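Chain naming follows the written order as A, B, C, D, E and F, and within any one chain the residues start at number 1.
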Amino acid sequence: MGEVQQYLQLTIGAVLVYNFVLARFLGICPFLGVSKRLDTALGMSGAVIFVMTLASFVTSLIYNYLLKNPISLGGYSIRLDFLQIILFILVIASLVQLVEIVLQKISPPLYSALGIYLPLITTNCAVMGVATLNAKQDYQVGQATVFGFFSAVGFALALVLFSSLRERLELAQVPKPFQGMAIALITAGILSMTFIGFSGLC
Amino acid sequence: MSLIKDFTNGIWKENPVLVMLLGMCPTLAVTSNAENGLSMGIATTCVLVGCNIVISLIRNIVPKKIRIPVYIVVIAAFVTVVKLLMDAYAPPAINRSLGIFIPLIVVNCIVLGRAEAFASKNGPLRSALDGIGMGLGFALALTALGGTREFLASGSLFQVKIITAWKDDFMLWTSAPGAFIILGCFLAGMNWLNMRRAVKRGELYVPPQGMDCRHCRLCDLGRRDEE
Amino acid sequence: MSLKLKDTENIWVLGLFLGLCGAAAALVLAYFDDLTRAPISKMKMLEVDNALREVLPAFDNSPGINVCRKDGVTFYGAQRNGKLIAVAASGDSMKGYSGRIAAMVGLNLDGKVRTIAIVDGKKLAAVLITEQNETPGLGTVVCERKRQKTIFSIFKKPGKAAALPPPNPILDQFAGRSAGATPWRVIKDGGKCDYLTGATISSRAVTGVVYRIAHAFAAHRQEIIARLSQPQPQN
Amino acid sequence: MSEEVKAEVQAKIPAQAETPPPVMLPKGNELVLSSSPHIHAAENVPSIMFKVIIALLPAVFAGILLFGAAALLVIAYCIVFSVAAELLWCKLAGKPLSTVRDLSAVVTGLLLALNLSAGVPWWLCLIGAFIAIWLGKQVFGGLGHNPFNPALVARVALLIALPKYMTAWVPAKFMNGNAASYARQFFTPAAWNSVLGAPLDGVTCATPLGLVGTTAKVLGPAPGVFAEVANPTAYLQYFLGNVGGCLGETSALALLIGGLLLVLFKLIKWQIPVFYLGTVAVFTAVINYCFPGVTPPALFHLLTGGLMLGAIFMATDMVTSPMTEPGAIIFGIGCGIVTCVIRIWGNYPEGVSFAILFMNALVPLIDRFATKKPFGYHPWDRKKGAQA
Amino acid sequence: MEIFIAAVIAMAVIGLVLGGVIGITARLFRVEVDPRIELVAELLPGANCGGCGKAGCADFAKSVVTGENPPGKCPVASREQVAAIAQALGIEAGATVKKVAVVLCGGDRNQEKVQTLYNGVSDCVSASLIAGGPKGCAYGCLGMGSCARACPFNAIEVVNGLAVVHPRLCVGCGACVETCPRHLIKLVPRAAKVHIYCSSPEKGAAKMKVCSVPCIACRKCVKAGEEEQFVIDGFKVSVNYDAASLVGTDILGRAKCPTGCLLSETGHLKIEAAQTGEVA
Amino acid sequence: MTPNNSSRPLTFKGGIHPSKDGKALSRAAAVREAPLLAEYQLIVQQNVGAPPELLVKAGDELKKGQLVAKAGGFVSVPLHSPTSGKVKEISRIPGPMGVPVQAVIIVADGNDEWGELMPPLDWKTAEPQAVRDRVRDAGIVGMGGAAFPTHVKLSPPPDKKIDCLILNGAECEPYLTADHRLMVEFPEKVLRGAALLGRALGVKDIFIGVEVNKPDAIEILSSQAAGFGVKIVALQVKYPQGAEKHLISAITGREVPTGGLPMDVGCVVQNVGSTAAAADAVLEGKPLIDRIVTVTGEPVKTPGNWRLKLGTPVAEAIRFAGGVTCEPGKVILGGPMMGFAQKSLEVTVMKNTSGILLMKKDDIIQYQSTACIRCGKCLDACPMNLQPGSLSAAIESEKFDLAAKNNVMDCVECGSCAYICPAHRPLVQHFRRAKAEIRNRSKK
């Protein structure tokens, strides 16, 4: 029960209460940039879920076995935690590229659907953010992977909702100065307001 | 002349936050008050200037094919240095409120974007100026945003109560929704100004509809979205 | 798209270059790590130190170095000239409106909650909430001693009053109290402690955590005093 | 046709022929060209909004009856400030001021007032009205374009911004069963608080849901803990509205009458309130049965908090709810689930506002997928038909 | 000291490992893409106007590389851009006769004589579907700007109820041509500077009833011009844009068009300006 | 096959009840012959499909009923002279859609003298093919509004099995009473025509659908129907009950697939007027040269139903009805729901002109349309189950692809949605535009 409950809390927390975009402000650039149409948003969501889960897994491996505790080597005890940022970003960038290369070969349709989003993910706070948060909260590899997956699901939920709202706003007669990004941000604000209602769920 | 332009470019005309809509996460996350905004702006400026200089120095020896990974390494190194220094010397309160957004400077599109668009093509002096200008633009925007949010919420600026009669904080503006809404209003204000100027000049002004990727060619998403 | 390494032929050369860059970066970072290690650990101490300074009288040792844990409460001893003069304790409660509330309380050696000063006839208790997630503007009112600078005060000379933490009626009511066997309760629950209407839960939690600390000290007084009286290197 | 033109036409007739032609015919270029249809139903937007106001009157009267002059003041403030906000925006944005005439600002203001505690200060009404009209409605382009319910945007914004004011409740005047002193109580300090702009103090009470939330937090789940708030006598009070709470939400009776009127006027899809209330009933009943002590019985949930007001008047706002009937069903069920989740497990004692706003955000998606089958399509070749 | 060594080793190893993994995968999963498509797409203007008949610039780039279209088919690209593409691919540039749009109607609000009350959507296509729209002349410009909205380059302006093309802005993509329900817009060679701004096939007298600047087919211009420079079609004369020598602006003085429908490009712009008082 | 036997009037899903049906103005007015005019302006193309080929030129003498133009193809019908006289000229006159159209101007000689008629056929023995040919030669097109050549509908391709003929006597348009008067005054013609067309199609089931607001028509038709093997079906009063897809749906429960035709569900729908004209053509050999037109509206002095010759200018028709008592603000060809507003009174009566409606200036809705408030009334009203509100928003932002994806092409332009819309949105105009644009694009 305890284990299950813990994971359940992790899940609800990541998706609703501490939503990556709306509460934690991570991954705002793709959230704003790739939300003009629902189908692109879906594509991006798929890509982010995939990469974030994978990145959480790999970076938490590195964190747990390389950075967290000093390594003793031939009598020396060596701390490498200051390499966290540089290692994480390198791993993420390489991962994204690997995924891209592999996808292009084994599934061209998937590649053409997701491919264009992949490079954007490298400079996406959400992926780096989830890796950093995993380390900060000292999650084990399993926890980290679950957290990564559901954080990405939270990102996807926000993105999909937001893009469908923006599609509707396309048809609205928004006052000139508010057109484009301004109204999108205000909509996101109200969306984030609704997510505050979930506070306390975990 | 062009040096001055390099410097001022980022402050208004190509302001990374208000015009190019880059680096949105820290922009929204740490601007609950003016002080945090300013601190984040300074931290980012340091990284930006340092990276710009180093990258413009090594730009001719880096093989084209791996320039992006190399830039990322350089940036990550600078970010780590800034983080270590902040851990060591910055007041703990500020350190806590900036939280994980210091490590996240590493993925801030502004830094990589300027490295790729400017520093990799220009000498160290101009690159440094560009970095300072962009960083200052970023810092100014963040401070203004933080100041606005703080003032609207409690009538104070830099934690100093300006309107002493203001008793109950209006928490909306310092909360997450407030960040989005105030930034949205900022952009609307920018659009309004630009529109008025355009009307005076007899031109047509179209408010930016999405992220501006002109300066970051990492991906061609911006272009594809328009199709 | 430029991230794609299209040319796979001289991949090893490129890899080597990248490796070299990484090594260079690592070198620099190691240097900075070395440079900042000491200041960082000092900075980490500083936070506890600041809290201790708020709730304890002037001391000349480093209370953070020698601590004692009892019933989930951490005790710090303040010494002057090698003699224990007061004790600070930190503990927490999970019963806040949004979870954890942690407090640092200064205690006299007799187990009473310390009074820092008397301002306008009101006692200022040595109670400091160090961690809370209560609803801003509601629960936080119970917890906060926020130093509010105003446009006027920054031009005034910082007098004595400014050095003191601002009063908070809910926290200050504990000044001079010592814990008995029955837990403290808020008036609403039939006890004697004041609470803030509309934030009873937070008030309850704060009352609870202060009692818990005071009670832990009362229960293990001798032992704690003995432990913390051990001589310590001077600051 | 103006008099001059008529005169002009008449003047021309003798000039053309000595004897007036037997019939008068219109001149071609004075005819109006417009698309079919050339006749139109009588209903228009102002009349719809007017009917909603009528349907809200029972709740308004109940609110004033229960909470005294303070309630009347809050209602007046909210309506006046909403209309003022609308006028001001139109003026600044260069829109025709006539949009005020569609009465939607009045409805928004009224609903906002019903969502506030009686005796909130006047400036809170002012802020709320501006948030509702400007942030909730006009930035999106005005009536019809807003994806979120304006009154609820304002309510939730105020809840986040000023929880102190938004969680202090005035007791209903009949609460102590002392009807004799009613007249005296009608003008309570709360009314003065509202005028002077002071926060509510001293006269506050808890809402049933607030009590339940506190109980659950303090005691943890235990069977029987809700006996005090969930019993037949209490239910009758809830039904009549004799409890603390927002000034328009407490009287289930008045709201149900209003709902009946709305259905009679054919202004709302009955599916939304029915499925909303139904979902809440089923959900809470199941939880109450399976985990006794976690939450009170279903009837308690139906009668307390803003559920009735939300389900009947706010979830049904046509602008922000789905257009089709299947969509309305999904919307109602969604609102119900989110409401229950927040009420039972969340920090907030009440989840109606958040639930409706959350489902508002889902409306474009619902509208996209819950569509009617167009005439002449077979369910399985919808896609094919769409491509053709 | 050891920390330096360890850090350097760690980084170098990880750099090498990552580089190696990517390198190997890249080799294993190699996919050939035609780099020329990207190249051509880079060189195209990126306006995505559809003037080439393709879904967008990227689509057009593909068709250029496969040889389906010559690069010159892009109406927006400058001569230099087209040449650059052709050179890059080593192919012919293709036809590059630059065209420009012109609205063949001169009846703005001051020239038209009959106008009905219209209550409806302000859009030419919509209006034309209701008894042909409010305008007296069933062939004239409705002035509701459908073409202006369709133009991706903002080259059309509706002034005083008449659409006029700003030749400097128009790139000749043809998006407007399709839109006009009255079929008034024509793509003509850029060199043509004189047009007959009337498209009504009605008899002269009928046209005069509704408009003050119609072409009444008096043929003064035909006589003043050279052979084949004009086309006579019933009660309407128009400029022959396929003529070997296009008619020049000098015809204006010689022809003495009695109604004023024979105008130069700038003349058309000025009908407007004069009446709205913008140009002295 | 029988429509379900309950005594309740049948109907379809959706639709509206216009509050003002205006039929009282002319319901009781018996059909009157119009006096002869000096000049008729006969528009050449009066049918959907290929334009007829003109056979006359200026100066030609014509007899009443004489061929003026011959069919220009299979989907086309000939045109006949409405009276005897002389061709003045072939010219262009304003058409009902605003664009000038070719017309034959005939100066009447005042004799109104028939030329040679086609030989009458016996209604009991006429061959199906002979009926079809006669319907074509008489120039009969759909008089319910579409002007689609009737003989084409009578010649379904062999792979389509037709089992049901439905006569459309619904006349759901407010104000119009032409079909009503026809059914009341000439029930025999309608029934004979029905039987004839039924034979031409080889069907057993023949229905006449009539809205219950015409009880006299239902009664008189029912009393005689048995002899012709025709069933009279009472329909609920609801607009657009007369739209063929919904008529079929009401009577047979079948749903014509999108983009399909009635014959896809084994039905053929004919207007009662077309049917009566067919009866005239077969039994008397008379071509289609006149039709019953309701001239009505509040401004009209004596609203009523007239038998008007093709080519009668609208101005003259109004004159027959005594002119106007007040100045009208709108002149509409057809009914108030689907008719076309005119800007000129020179347009003339055509084969599908069922009514001339004048509206008072005060009754005209000069709509000030506002944004859609998403009330969903249009969704409930639309008989095609479309989503007019969202469609119009898409069209307003010129997103025609979106509109096409949401089936705007299925809209029958009935106007129910625009009638009901509380925001007074010009929905039908939007849809006409979208349909035009989309058709344009697909042509490309």
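Quick note on the criterion: a residue touches a chain if its C-beta (ideal position, glycine included) is under 8 Å from a C-beta of that chain, and two chains touch if they have at least 3 such contacts.
On a predicted model such as this, the values are computed, not experimentally measured, just so you know.
Student: Starting at chain A, find the fewest moves between touching chains needed to arrive at chain D.
Tutor: 1
Student: Compared with chain D, which chain's mean CA position is the farthest off?
Tutor: E
Student: Can you check which chain pair, E-F or B-C, has more C-beta pairs in contact?
Tutor: B-C
Student: Would you mind checking which chain's mean C-alpha position lies nearest the centre of all protein C-alpha atoms?
Tutor: Here the chain at the core of the arrangement is D.
Student: Rounded to a whole Å, what is the gap between the Cα centroids of chain D and chain E?
Tutor: 50
Student: So the centre of each chain is just the mean of its C-alpha atoms; given that, what is the distance between chain B and chain E in Å?
Tutor: 40
Student: If you average the CA atoms of chain A and of chain B, how far apart do the two points sit, in angstrom?
Tutor: That pair's centroid distance is 21 Å.
Student: For chain C and chain F, what's the span in angstrom between their mean Cα positions?
Tutor: Measuring from centre to centre gives 87 Å for this pair.
Student: Which residues belonging to chain F are in contact with no fewer than two other chains?
Tutor: Those would be 340-343, 366-367, 371, 390, 426, 429, 432.
Student: Send over the residues of chain E in touch with two or more other chains.
Tutor: Those would be 3, 7, 10-11, 14-15, 22, 26, 30, 116, 119-121, 126, 129-131, 133-134.
Student: Touching two or more other chains, which residues of chain C qualify?
Tutor: As it turns out, chain C has residues touching two or more other chains at 1, 3, 5, 14, 18, 21-22, 25-26, 29-30, 32-33, 98, 136-137.
Student: How about chain C: which of its residues touch chain A in the complex?
Tutor: 1, 3-5, 22, 25-26, 29-30, 32-33, 98
Student: Which positions of chain A touch chain F when the two form their complex?
Tutor: Listed in rising order, the residues are 170-173.
Student: Taking the touch rule as given, give the residues of chain C at its contact with chain B in the complex, in rising order.
Tutor: Interface residues on chain C, with respect to chain B: 1-3, 5-7, 13-14, 17-18, 21-22, 25, 28-29, 32-33, 35-36, 39-40, 43, 46-47, 136-137, 148-152, 154.
Student: Which of the residues in chain A come into contact with chain B in the complex?
Tutor: 22-29, 32-34, 36-37, 40, 82-86, 89-90, 93, 116-117, 119-120, 122-125, 127-129, 132-133, 136, 176-186, 188-190, 192-193, 196
Student: So in the complex, which bits of chain A are touching chain D?
Tutor: 38, 160-161, 164-165, 167-169, 172-175, 178, 183, 186-187, 190-191, 193-201
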